Amino acid sequence: MNVAVVGGSGYSGLELIRIILLHPKITLTNIYAHTQEYNSILELFPHLSDLLDLPLELISTLTDNKIRELKENVDVVFLATPSGVSLELGAKFLQQGFKVIDLSGDLRLKDPAIYQEWYGRKGADPEMLEQAVYGLSEWYPDKIRTARYIANPGCYATSILLALTPLFHHCLPIKSIVIDAKSGVSGAGRGYSNNTHFSEINNNFKTYKVGIHQHIPEIEQILEDIGGKKTTIQLITHLVPMIRGIFSTIYVEFAEETSYQEINALYRQAYLKQPFIRLRPEGEYPETKQVYGTNYCDIGLFFDQRTKRLILFSVIDNLVKGAAGQAVQNLNLMMGWEQDLGLTFIPLYP
Amino acid sequence: MNVAVVGGSGYSGLELIRIILLHPKITLTNIYAHTQEYNSILELFPHLSDLLDLPLELISTLTDNKIRELKENVDVVFLATPSGVSLELGAKFLQQGFKVIDLSGDLRLKDPAIYQEWYGRKGADPEMLEQAVYGLSEWYPDKIRTARYIANPGCYATSILLALTPLFHHCLPIKSIVIDAKSGVSGAGRGYSNNTHFSEINNNFKTYKVGIHQHIPEIEQILEDIGGKKTTIQLITHLVPMIRGIFSTIYVEFAEETSYQEINALYRQAYLKQPFIRLRPEGEYPETKQVYGTNYCDIGLFFDQRTKRLILFSVIDNLVKGAAGQAVQNLNLMMGWEQDLGLTFIPLYP
Amino acid sequence: MNVAVVGGSGYSGLELIRIILLHPKITLTNIYAHTQEYNSILELFPHLSDLLDLPLELISTLTDNKIRELKENVDVVFLATPSGVSLELGAKFLQQGFKVIDLSGDLRLKDPAIYQEWYGRKGADPEMLEQAVYGLSEWYPDKIRTARYIANPGCYATSILLALTPLFHHCLPIKSIVIDAKSGVSGAGRGYSNNTHFSEINNNFKTYKVGIHQHIPEIEQILEDIGGKKTTIQLITHLVPMIRGIFSTIYVEFAEETSYQEINALYRQAYLKQPFIRLRPEGEYPETKQVYGTNYCDIGLFFDQRTKRLILFSVIDNLVKGAAGQAVQNLNLMMGWEQDLGLTFIPLYP
Amino acid sequence: MNVAVVGGSGYSGLELIRIILLHPKITLTNIYAHTQEYNSILELFPHLSDLLDLPLELISTLTDNKIRELKENVDVVFLATPSGVSLELGAKFLQQGFKVIDLSGDLRLKDPAIYQEWYGRKGADPEMLEQAVYGLSEWYPDKIRTARYIANPGCYATSILLALTPLFHHCLPIKSIVIDAKSGVSGAGRGYSNNTHFSEINNNFKTYKVGIHQHIPEIEQILEDIGGKKTTIQLITHLVPMIRGIFSTIYVEFAEETSYQEINALYRQAYLKQPFIRLRPEGEYPETKQVYGTNYCDIGLFFDQRTKRLILFSVIDNLVKGAAGQAVQNLNLMMGWEQDLGLTFIPLYP
């Protein structure tokens, strides 16, 4: 099966390329990007020498006609383009009968007013929104299997939701949720900014997007969908002087008494058959390096006897499980393949 | 005035040496350490060439007699020794009439039972505990001025307390406090461990001492002392792949309505005359690199309208304001000097 | 085919485990280590959860009897033990009929006097030395195919030899060779030292083992073997604040006139059919990150018209091509498999 | 005495600000920059809160009239502007009677043809070139004392020249010089590029400007000036994933026999009275962190008995001794002050 990557010059696009190259059932035939500086993927990424050579086609050449032509050869399109760009392109690809896996945030929020509020622009058409399935693989496998358009979850959202969903699935009475999340710098992409500038970020720790991170409504929407009632979370995001990895520390206060044993049992059961969720044993907590380059989400649980709070520690590789890896996991589900096909990576440690 | 540093081979001791060398009114005459590997401070730290040369004397040679002799020349002793070691040494120096500034945790907790619980050993004698003044310079200046023994605050405690004390000083009704704190690796010292191993920590983010960090009771004790009532905090600590810096993100839930304006005014007033506390303007938040190598504590405030929580961001250099800098600030207070004498460093940026 | 790793608690051993797990034709059945702290590989390396669980057996239990028993199940042994340890163990395994791939330096130097000089201890028996084949896969494939004992090249030696051998193979008249080599910190292993201490190495650059690096005679021996005459190199090694990667800058002065074209042609031809050598086009130079996690050696050539020197830039991942990857490449050769079987990794970038 | 900094938004400019603030005899009154994004230095660099607040004036407003007005208040101008910009501005300031210290490369090369070749643009007028004194403080103090225009040396040039000049001053017969130099990322400035992008540079090592680094002719010119005969050097530059620091490894081949003792004696004597040159004892070599934030140049010497080469290791902080620190050292000389006035920093270690 042939696939195309649109947005191949960014880090999510690059990680898609790596993962597609390793996948036994799909072939990458087209890469599109905005850059005019490079003619081929090899000029841009010499580390792919001997592994792949494809031209870097311009996204702007993707007219309706071209998209129709492309359909003769390609079945699935991955959109690794920024929010705003995906919106328009996604609709075109969908119309021409492609399966689309959209790594941007454009189709994640079901309520256009909320999209407008957090993204600062008009959202998608209601019809498109209806077709888009939120691709949290572990929790919506049935919907994903039959979907034509996947809104692939955000990196923070993935790390946080996978840690919180078991509690909401079982409707444990929760009083408050505080999430302190930290990301490596690759989450800020290949673009230039003070947040990707080596001398500014190395040996530094900072917060960013305080009060305005667009993954907040995304997480709240899914928690409501799974738990059945409206939830407000507190989320603050931080930047860590490292390349890959998200570490979420989640503080949960319960409305009723519970215990480590009860909660642990609930998580073990929820993730018993999930190949990419690894629960740490009592007293052990995950580190971002332990999932480096893989599709794992590792979760640790601490029940604080002093405060009666549950503290969840959840780590992912933001470019894999938080982007390209989960995207391919969703494709696997859509195609009826094993969901871990081509995704059984071993962490590159140290 | 002559001073001695006991524990001069560790990073806090080394930072004391740097700061003492830059101080206009004190002279470093003796350095003690446990190591037998090096005969002089220069052998151990060649970067001090041309700046200082003193022998590294063995701590084990500090008998009662030797301490008495030392008193003829030296007035103040800084203890940069690990908890447990300070306890015994501190008593001896105190007895001989030294002013002692103890950077360890041994004399910070007033309740021996709590010390026993968190440090896992028997604590100090009641008499010593009575003499020890908690050296949070900005909040206990009067006690410090007349003290003979300073229990210098812990690094996390300093960063967190300076951010929280204004609320407690004004007795704002607080419902809950969640603190997510992050530290650079120098906080783990010059000793060898997986938490100081480059390949383990670089490009990695992890939590440590989950549920057992000894700064928890230290912070609670001081909040109670200042606010007048018992307080329980939630504190989780993390390790950042950088050398210096502590970043504390503090989530405060109030029992009554308040506002950014009210809280901001309260902080401005509390720290109006404090040379080392810098409050960021609305919408700006501090970064650890902004206090690199200095005695500043920079604080930012965000009042989340969605959740009605106050989020405090507090950064220090763990080796300066979190250890050696505050120690010298306390000495300045004890001697009746300006509290910022010799401490007006400019951040080394980038 | 079953294999065992002796020295599985170090970074080379760990990388062997990763690569063996990904290899389609071999199975890891036994891991030996010196540590008594951990009972299983999972206790030591939690990032391998769900991927592997084997006990960590003690190296000291490897008596002659045990080794004989092991032979019933296992055919190949990888020795990832330090120099000195391998010497003795290697002989035992060889005697019992194992194929041995020894990642240490013990059997690399053919002249016992030189081993004594650079390693500071007595070297191997002449018989063992005779059996040991130097495992530079690209240059000794025939000898490797029939070998029973492989002395796997050192990491610096691999990076430097692969860059220099084409010149020596063609007997270009060389006047002098200066090699300035730089390594990431994982080359110093999982052990504790100032060279693996985060706060000492981060934001620092230094040289080490000046004048005494044991890869110097190793490189000279192979250059002599390939070029047919005695050669003296100048090699200085440095430590880079990164985890993986070796970067060698090699300055070659010729005794006769030559040109970029001539040299480039010679390299193209030498490595035409080698799957792991990637030559950069004119004007482009490799970066260590471009081979991250892979068995590639990327080489760039610059012929300086001002000075008439050839400058070679050679990069490898020290744990893969510089250790575990080349070891498995050698096993592939020994078994008559494709030499890149199980080794077609894609660089993890960024 | 009042001074102005032109180019205050870059890292050299910022370091000038730090050093001027700490200097007892000069006051910073004006800062100029190209940016229109920030109105004041504090908006751009919040870490300077409470230490300084000055408007960021636009360089484009520096008309002849404005420069004349400025002269009433300001005596010295530091140009921390890019090459090309300094050329024009420097002439204007010089004409109005300012003392100018120019950190750019515009006035360093005496031969306009060479400037044209390496900088790719037309160089300065002969009159200006005549006035410009190369500000290598340790070797041209007399010229600097009477200069009106200082061409402050490049960072690599400083590190390399201070290591090589004693040999040339004593006219030792040298056969060849190979220099392998490595720089931290702050050398690439505050601007955006792949060489300052965190995810591209972290955990990576690369070379850059191969064969075209503009410090090559600068070094050769000074070596010729001091040694009295034309010299060709081989220089390759590399990028290290750290912020500050230059490490130069210099391989010197002699035409006649010499020894460690002879050379060491020569260096000891050359730098006996220089406050900023620290020679390491035999067998010890400097590390970049050992000069972090200081004006030191630390030098180590190794005489390789096998190859008869001298290997010099030279480290500086590129922003201090390699830029702003040496600039102020030159001002001290120009004003007849002690050359280390305001520059006695202690390395910030670790």
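A, B, C and D are the chain letters, set down in written order, and residue numbers restart from 1 in every chain.
Quick note on the criterion: contacts are C-beta pairs under 8 Å (C-beta built on N, C-alpha and C of every residue); 3 or more make two chains touch, one makes a residue touch a chain.
Bear in mind that the values here come from a model prediction, so they are computed numbers and not experimental data.
Path length between chain A and chain D in the touching-chain graph (shortest route): 1. When the interfaces A-C and B-C are ranked by how many C-beta pairs touch across them, A-C comes first. Using mean Cα coordinates as chain centres, the one most removed from chain B is C. Each chain gets one centre point, the mean of its Cα atoms, and the points for chain C and chain D are 40 Å apart.
Centre to centre, using the average C-alpha position, chain A and chain C are separated by 37 Å.
Centre-to-centre spacing of chain B and chain C amounts to 46 Å, using the average Cα coordinate of each chain. Along chain C, residues 11, 186, 199, 202-203, 241-243, 286, 289, 292, 350 each make contact with two or more other chains. Residues 11, 185-186, 190, 192-193, 196-199, 201-203, 241-243 of chain D touch chain A in their complex. Residues of chain D that touch chain C in their complex: 176, 178, 180, 182, 184, 199-200, 202-207, 210-211, 232, 234, 236, 238, 240-245, 247, 249, 251, 253, 285-289, 292, 302, 304, 306-307, 309, 311, 313, 315, 350.
Of all residues in chain A, those touching chain C in their complex are 11, 14, 18, 21-22, 45-51, 186, 190, 202-203, 243, 275, 278, 280, 284, 286-287, 289-293, 298, 346-350.
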